[in-house]
Every structure is written in C-alpha cells, then in structure tokens.
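Below, subunit A partners subunit B and then partners subunit C, in two separate complexes.
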Partner chain A sequence: MDRALIPDGVQRDPLWKFILKLGPVVAVLIWGVVAMFLCWIKGLNQTNMNNYYGFALWIWADLAVIALGGGAFFTGFLRYLVGKDDLKYIINFAVLVGFICYSSALLILAIDIGQPLRGWFIFWHANVHSMLTEVAFCLSAYFGVLTIEYIPLVLENRQLDRVPFFHHLSHNMHGIMAVFAATGAFLSFFHQGSLGGVAGVLFGRPFAFREHVFIWPWTFFLFTWSAAAYGPSFTIMLLKITEKITNKRLVKDNVVQLLAKISGWMILTYIIAKIIDTWYWAAVTAPSKGFTLIDFYSNNAFYGLWILFLEIVVGGVIPAIILVSDKGRKNAKLLFLAVVLGVIGVSVNRWVMVLQVMAVPIMPFDQWALYLPSWQEVATTILPVAYGVILIALSHRYLPVWPQERELNPIDAPSAPEAAVAEDIDEAAEAAPDGDLAPAQA
Partner chain B sequence: MFPFNFEWIWDMSHVVFMGGLWYALNIIGIGMTFCIIKAIYDTVKGKDDGHHAEH
Partner chain C sequence: MKGATTHRYGMVIDLDKCTGCGACMIACMAENNVPFRDDESDKLLSLTWMRIFRLNNGKPFPEADVCYLPRPCMHCEGDHGHSPCVSVCPATATDYSRETGIVSQIYTRCFGCRYCMGACPYKARLFNWWDPVWPDGMEKFLNPDVSPRVRGVVEKCSFCYNRYQLAKNKAFLEGRRELEENEYQTSCTQACPAGAIVFGDLNNPHHQVHQLVDPDMAHGGRPRNPNAFRILERLGTNPKVYYLSSREWVRRSGDNTIEGEGKLKSH
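Showing the complex of A and B:
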C-alpha cells in the first residue's frame, strides 16, 4: 500500500524506517499539543504574560514564521509574474514551506486569542482602524491561496492522479495559478507591511516608533522588504537540510544559485535601507522623544548593543555580501552559512520589534521588563517546527515535490539490453545439463 | 462584516478594509469555482491533458 503511494522513479526509506525516524518529532508535537490544549482549557494564565507584558514568546514565533514563509509569495511572484522560469523546479517546495509557515502562524494566533471559538469575530466585528485587522484578513486569505497552491501537489500523488476528476482539477489549477500567485503577492505585501506598521505607529514607545510616509511608518516597507529578501534564504536553508537528511540532491545548482542571488540582492538593498532607518531613528526620532540610542541597550541584563550588531551586521551585511558574490554563492558551505545567518538576522529583527519593544522602559520610574516564558509557551512555540518537519517528511515521501529528483538521482537498474542478455543466460543455464556450460557462458 | 450589519458605516475605512477583503475572497472563490466546473466538464468529456509534474 505504502509503495503504491510513492512517486514513480524515486527511492524512499522502508516504511518502518520512516516511522522510526519521525518518532522523536511526533513526541515533540504531542508535547506542544498538550501545552496548546492547556492554554485553551485553562486559559492564558498558563503563560507568563501579564498586564505589563502582553506578548507571549509565540508572538515572536508568529512574526518570524510569517517573515520566513515570505519565500512562497516572492518565489511565486518571480515565477509567475516576473517569468523566472527556472524557479519552477523549486516553487513546489517554496509553496510547501509557505503553507507550513502560514498554517503555523494561524495556529499560534488561535492559541493566542485564548478563545478560538470567537476567532470569527475579527471578520464580523472588524475594527477597521486597526492594522492588525488587515493582518488577520490578509493572513487568512493568503493561507487560502497557499492551500490552493498546495492542493495540486497533493492531487498529483500517484494514486490520486489516477482519478480523472482530481487529475483535471489539478491541471486546471495549474492553468490559472498566475492569478492565485498575483493575489498572494498582493495579500502578502499588505500583511507583511502591516505587521511592521503595528510597531512603527506606537508613538508611546520610542523604541519602535518610526517616521511615516503618508499613513505608513518606515517599518511597514521594511517588513515587506525583509520578508521578500529572507524568505527565499529560508527556503534554500530547508532545501539544503532536506538534501542532507535524505542524502540526495533534489534541485539543480543553477536553480538554487538563481534564488540565492535574488535573495542576496534583496537582502543587500534591504539592509542598506535598514541601516539608514536605524541611523535616522537613533539620531533624530528617538532624541526628539527624549531618548538616546544607548538608553535602549543599557541598564539591563540581556539587551545590549550586541543584539543590534547581530541583527544588522551578522544577520544582514555578511549574508548579503556572501550571496551577491559569485564565489560566495558557489561555495556550498558559504552558501549554507549565508542563508542560516540570514534566517537568524530576520528572526532577531522580529524579536526586537516584538519583545524588546515591550521590555524597554518608557517612563523615568519604569524598570526593564525582562520576560521568561513558561514551558507552555516554549512548547507551543516549538510545536510548529515539529509539525513542519512532519509535513515536509510526508510530502517528500508521497508527493512529487521535486521535479528534478529523478534526473539527479537515477535508480541503478540494469538497462534493457543487458537485462535481456542476463535473462537469456539464465534460461540457457537452466536448460543445459548439470556440469555443462551454457553457450553464452562458454 | 457586510453593509447590512448594524455596525456598518459608509466611510472610507469600512469601504477600503472590507472592500479589499471581499475583493480578494471573490478572486479566490471565482478562480476555484472555474477550476472545479472545468474539471467536471473535462471529466465528463473524457479529455486527456497529458501528464504534468511541476508547477
């Protein structure tokens, strides 16, 4: 049964080995699910949030996975709207990663609202003056788009594809995928931006507040830009990890190089804009509110200037330099280092814009609010990682995610003429009397 | 939220926010409806569109 579901012409582990390997990941998943139900049944008192510190650890994870999942919309945009045809060999995986990231983001929000049964309130009783309403709208609608982009891949499973209706449905969805990709790019632009906008409009928190262009603070554009820049790096990072685990090459180098180059130039332009933004904020915006730069990075046990250095130099400038240089990109170790640093960089950016914003004291009598998450928060934050590993493993095993896999990993089988000769020899050997050699063997 | 809900106000915020949402949902809905109806039609007609393995 299992064999019949595996795509043609590829090799996969035996089922028992596959299940054994997934065992520890499933254990982590169960741990996260237990924590999730504790939050739903007993309430948000399971977290260490309080009236002063209203963002749990998972909100950082939420923003981070949304940024990292940006590889789906940007790769789709490049493939279907810009016409980078080579990316068709990696778009399936980018969609899968995006699907995992956005379903995780929605799951985290369902935990965060405490009463998921009232989740629909945001659509029905929408506060049309809130950027987070726009985020909720776009996030949900874009998850719909990602589901639509993922469905054809599921329908192309060897057995499902035999059902004529599924076959035609998948074919037709491919036919108008550009429409869905364009809708996805539109939705992503706004929700990525609005997540940044939420921080930038906090005029009561000078650490986050930024200057505006019309109604949009700079953070609006920086968040969209960073998601488009670092998302493809995350896709490449996961691709390389998957290749390492499966011990196979899954995508050709020229495709990876193209995506890495685009990601590199996006990161470079983003990080220049980010440096200008940071300089202007430190030199003009924060002082106008009565703060100096060092106020945000001193008098506490954790947040120092190191975090600014980590985000901008280690997680921005270095990966950008590696990825835009031809030699850097073509060196497998440097490429992997660059995409890992990029992922760290954008994750630190989201950490800073969510958790450090809440920690910095505002009033002269305030203290730094350093925050330690509860185990339930940690478990529910790790939950999406386990879920993602399982979904990638299942998709890798049963769905044709990698169009180039067969070409890159040919299965060693005797060619047709050789097989025929071998068969003849066997038959002749059987026909010959004991002790005699068959003609071909002689 | 729809214009017939008691909370609705005919102002720019409601029109832009809710208009944007319904616009996106309509594109997704119409797109999927088209694909499903065409798939039913193709199945009934027994159309052969060959093999496809990539987006």
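Showing the complex of A and C:
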C-alpha cells in the first residue's frame, strides 16, 4: 500500500506488520499524551514534586536527552568541519536522534513549567544573567538548526524527491550543510555548557556549586565535553538496537568503529577532567561550606557512594577503557556494553546534578528530601521515548536514512520501474537474497 | 546589582523569646492572602511564607533543650551583590531592590520554571501547586492590597511590601521622603506575642534591628553581637534575617560545620 514511498532497493516489512509492531508504542504514546494534558489542564499538582523538589524527573530527562542528543552536533562537527568523511554514512541517523532528543526536551520543558502560556516570557523578559535564559535561546535556535538538517532527509523521500523544487532544495541544503553543522556546534557549545552552569552557579547549594576555575570554564566544558563524548555512544547504541530490531546491518563496521573510537577518547579525557573536578569539590569547595563528601552520601535511604561509583567508574572509566582499546571496540558485545554503560554514566551525571542537588539538606536542622515521581511524570517522561521510536521507525521506513543499507543488505529486486518495486518485497528477497545492487548514495 | 542599598530592611528574631506559637505564620497568611487547602498534612506542599522549624540539642533529659526557629525569606543580598535566586530567574520575575534591600517576586511575570526554588538554600520559595480556593465568604476578607496568586507561579515572603508602599504613600502625602521606624512593620513582627521579632532598617543606627545585631557592613553585614547569627553564613548569601540566642548550640545550629569544627547534631 505504501510501497511507493519506500526507498528504492531496500526491504521493509509489509505495512500491516509495520503498523502492528508500532501498536504498543502508539499505546504508550497515547498514555503519555493523556498525562501531558492532565498536567496542562489540572496543573503540576499532578506530579509528586513539592516545595523541596522544584526540579525533578522532567528536568533530569531534559538534561539527559540533551546530553544524549549531543551526538548530532558532534558527529556533524566531525563530518563537516574536521573532515571525517566516513561519518557521512551515519550522520543522517545522528541528526535524526538529535532532532528527537531536542524536540523531546522542548516538549518536556513545555509540560514542566507552571504557566505554559507564559513560556515566551523567557524570551521577552529575558534575564541575561540566568543560565536558563541562555539555555532557552540556544536550545531553541539549535532545534531550528536540527530541523534544517533533518528537512533534506525528509525531502529525499522517493515521492517528494520527484518534485523538482524539493529535489533542488534538498540538494542545495546539502551543499551548505557545513554552515549549519558549524552553527549547530557553536550553539551546542553554549547551551550544553550553560546546562552545566544551571547547577554549578547555585552557590546556595553546596552539592552543586563549583567555584573559581571549576565553574568557568571547567563545569561548562565538562557538560559540553560529556555531551560530545557520550552523544555518539548513544547514537551507536540506538543504531545497534535498530539493527537488532530490523534484523539487518545498516552501517559498516569501520564507520561505527571510527565513531566509537572518538567517543572513547572523548569519554576518557572527560572522565579524567570529571575526577579532578570531583576531587577539588570534595576536598576544597564543599569543606569550605561546612560539608564533607560523606555528608552528601549518607543519612538517607537512597543516595550513597554507590551513585558516585556508578557515574564515574561504571559509566565513565569502564566504557572509556573498552572504547579506546582496539580489541574492545571490535568485540560486538563489549562495544554494546560500553555504549550502554556510557549512556547510563552520563544519565546518572545529569540525575545527580538535578535530583540529588534538591535532595541534600542544606540547613543543618533540615532533612533529606526524597521523592517518587507520579505516574503522570513517568508517562510524560516515557512519552518522548515512544515518540522517538515512532519517528525512527517512520524515518527508517520512508526515508533514505542509511546510505549503506543497500550495499549491506542486497536484494534482487527488479531494478527498474517503480511499479515493479511494488511487488511484494519480502518475496523478492526470499527468491534472490544475493542479488547485486548499485552502490549506496553518499 | 551594583551600587549601595539606600535602606536595608531586615529582621532580628530572638530565639530565646520564641515559643513556637505560630502567630507569625497565621498573621503572615492573613496579611498576604496565602491560600491553604483542606488537607495541609503534607507540609512540603504547603504555602508557608513564614515557617517554624523545631530544633533540639540532641541530648537526653535533663539536658534536653528545644528551640523554635521562624524562617521567612532571608532577602539575601549575596556577598557580591547577587542573591541566590534573583540572578537565576530567566524571566526577571524576581528582583533585588536597591532602595529597600527587599527581594521581590513579580507574580504576573513568573512562568513557573522553579529555578529560584532550586537556588534558595532556605527553601523559602514556594510554588502554587493549586489555584487558590477560599472557604465560602472568605474572599470578602482578603487583603485588598495584596494580589492573590494563580496556580503555577512561585511566591514567597515579601517583608509585607504592601505595607511599605502604604507607608510611603502616607509619607509622600505628608511631604516626607523617609519613613519612621514604626511606620513600616511586617505583620509577623506585630503579631508575635513574645515580641521576639524586630523589623527595621539595618542601615539606620537608630533602628532597633541595627542596635541589636550591630551589622558589619564592611564584611557582608556579619553581626558583631556575639549572640547574633545568620543561617548558612558560610554560603555567602548575606541574608537580612538575623537570629539571637544566648545558647551556643542554637547559634551553632545555624550553619554547617565539619568534624574538627565541632558540629552539633541538631535534629
């Protein structure tokens, strides 16, 4: 039914199967949308946040997806500005993941604010001293850049590409994509850094506060660096999951290896800088405010030193060691383990910089404040995941996301007329699995 | 944020006099149209511009001792002229007045991001999780000088700023520019039956608040009175609420200290 929309020379499930597979994901999406409207209509009393937990699950999700979506700007930076040409085979997917992450971040922010209709005040009454102001401006601008980077891919849909205007538009946009990649990298350096500043400048919160050189440039660069380091790991993780689900290889190993190697070295350098930051904070900054390291990790039911270990060692040192080693990268299981640990590591980092900051008592006579998110918070946090799965599935089905797919998954489909492709592709593949294909488009 | 503050309105609370009766909290709620719900059992959702903490010295009878500590907004100036909350607000919905030293909250501009709540170490900023619902007939008794807040915005103690405006209007009509000490007093100050709360201009040596704490303005307003202290002095928030106590354990409870510094477990 939709075969005319599917890229040439690739094999996709019949439409009924595709819809059936997406069914549960759509159900989750609807669950999230219901929760979203509950929050908008009834207000944030639908959450389990309180006056001690002004920032909670949503802000963590925001920071996490923005860090994980960093694969888009950094892969673009490597591809267009550094000249790592092989990454052109994965840049489409990196952009798609980034687009999903950033649109999700904006959606979550729109749910998170108490007066959504006043959201534009952040631009209109902007306080230039606030980290959130910079984040809002750069994040919105960068989402615009990601949209511009995603549009050419959409226009390359087989049917849209037939329209001369769209064809030329996408061609010309590709021609100047380096400009947008540079703009994206520039904007990302700002908003990723400012997200570090969001917690780091809170001098009333000794758990988050960093001073002197450890706030600027250290914390700012730690956040930018970690997004650049772990973002590509997230891209690789999603690529591997997509390959598993679709049961086909979509990107050649040398491309994945290159990105994994870069990600590994980035994680290694980041984690060294993070350890230095943690040491100075624990040994100098926190004691100057009357706190020892253990004060932040004791006398409560959840936060212990295990979370510091999980973030730095399990989610930082271990994936870095695996990814910088040639053997580690080339072992498929170790590679997947490393990128998963990396994703956990950066997510835990964002978690502690949001939720643990809120949980730690500051006044000596105050108590730890722990919270469990409400189902509405959980549903609206999972909502972007469902949305992301759907957008990846749709893009995978209808857009030429994978330049190497035809080469890696040759099918003996009738080469010419469109009408011929309209035959059942499954049958064609079964009939002649070893057929030759034209080289992939760059 | 630069430049000297003309007036520096502040508060001194004598913890040796406070009985924890809660009259200050009630007066505050009535004065400022602070809404409440049928079920206020979850105090982390309550709107209490003035909240009373109960401290104890952690010792068994007969040495056990208790102290009640009222906590309004501290109206921090910060050591470098930056309140923890003012500089972080992305929409300039909270401001530090160089005329009064009061940290304001512009309810109509706040869009409820709650970054200021995260920045405040005193947990003095509160969020309107619900729209205010007044018991039948009570809306007729709301204070017409204070605007009620809608759901989704942050609010906090304003040092009864509406009273400052009324006093300024009166002074203007009488051809004066300056206020007398008793012309501008907060509702909690007036409601305290023990006279534990004193309010005035910390910059004015004739005001009682100045005389009680003798603030050292060259060092971020630190009190020279050995019985006076501020909460979380070490963070550099430079608050304008001072506490008095003759009990050492109470004074030490105001700040965090590490092992060698003789930390007291107060809860």
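Note that the second predicted complex is superposed on the first by the 406 of 442 C-alpha atoms of A that agree within 3 Å, B and C clash if a C-alpha of one lies under 4 Å from a C-alpha of the other, contacts with A are read in each partner's own complex, and residues count from 1 in each chain.
In this section, a residue touches a chain if its C-beta (ideal position, glycine included) is under 8 Å from a C-beta of that chain, and two chains touch if they have at least 3 such contacts.
Computed from a predicted structure; not experimentally measured.
With both structures placed on the common chain, the touch criterion links A:Pro152 to subunit B but leaves subunit C unconnected. Shared-chain residue A:Thr133: touches subunit B and subunit C both.
When both complexes are overlaid on chain A, the residue A:Val357 reaches subunit C alone and has no touch with subunit B. Once the two complexes are laid over each other on the shared chain, residue contacts for A:Pro400 go to subunit B alone; subunit C is not touched.
In the superposition on chain A, contact is made by A:Val201 with subunit C only, not with subunit B. In the superposition on chain A, A:Trp375 contacts neither subunit B nor subunit C. In the superposed model, A:Ile176 lies in contact with subunit B only, and not with subunit C. By the touch criterion defined above, A:Trp279 reaches neither subunit B nor subunit C. Looking at the shared chain after the overlay, A:Phe302 reaches neither subunit B nor subunit C. Touched by subunit B in one complex and by subunit C in the other are residues 124-126, 129, 133 of subunit A. Remark: subunit C residues 42, 44-46, 53, 55, 69, 78, 82, 84, 87-93, 109-115, 117-123, 125-131, 150-154, 231-232, 234-237, 253-259, 261, 263-264, 266-267 touch subunit A in the complex. Interface residues of subunit B, counted against subunit A in their complex, comprise 1, 5, 7, 13-14, 16-18, 20-21, 24-25, 27-28, 31-32, 34-36, 38-40, 42-43, 46-47, 49, 52-55.
Against subunit C, in their complex, subunit A makes its touches with residues 43-45, 49-55, 112-116, 118-119, 121-122, 124-127, 129-133, 136, 198, 201-206, 287-292, 295, 357-358, 362-367, 369. Interface of subunit A with subunit B (complex): residues 79, 88-89, 91-92, 95, 123-126, 128-129, 133-134, 137-138, 141, 144-145, 148-149, 152-153, 156, 164-165, 167-177, 179-180, 183, 186-187, 190, 400, 403.
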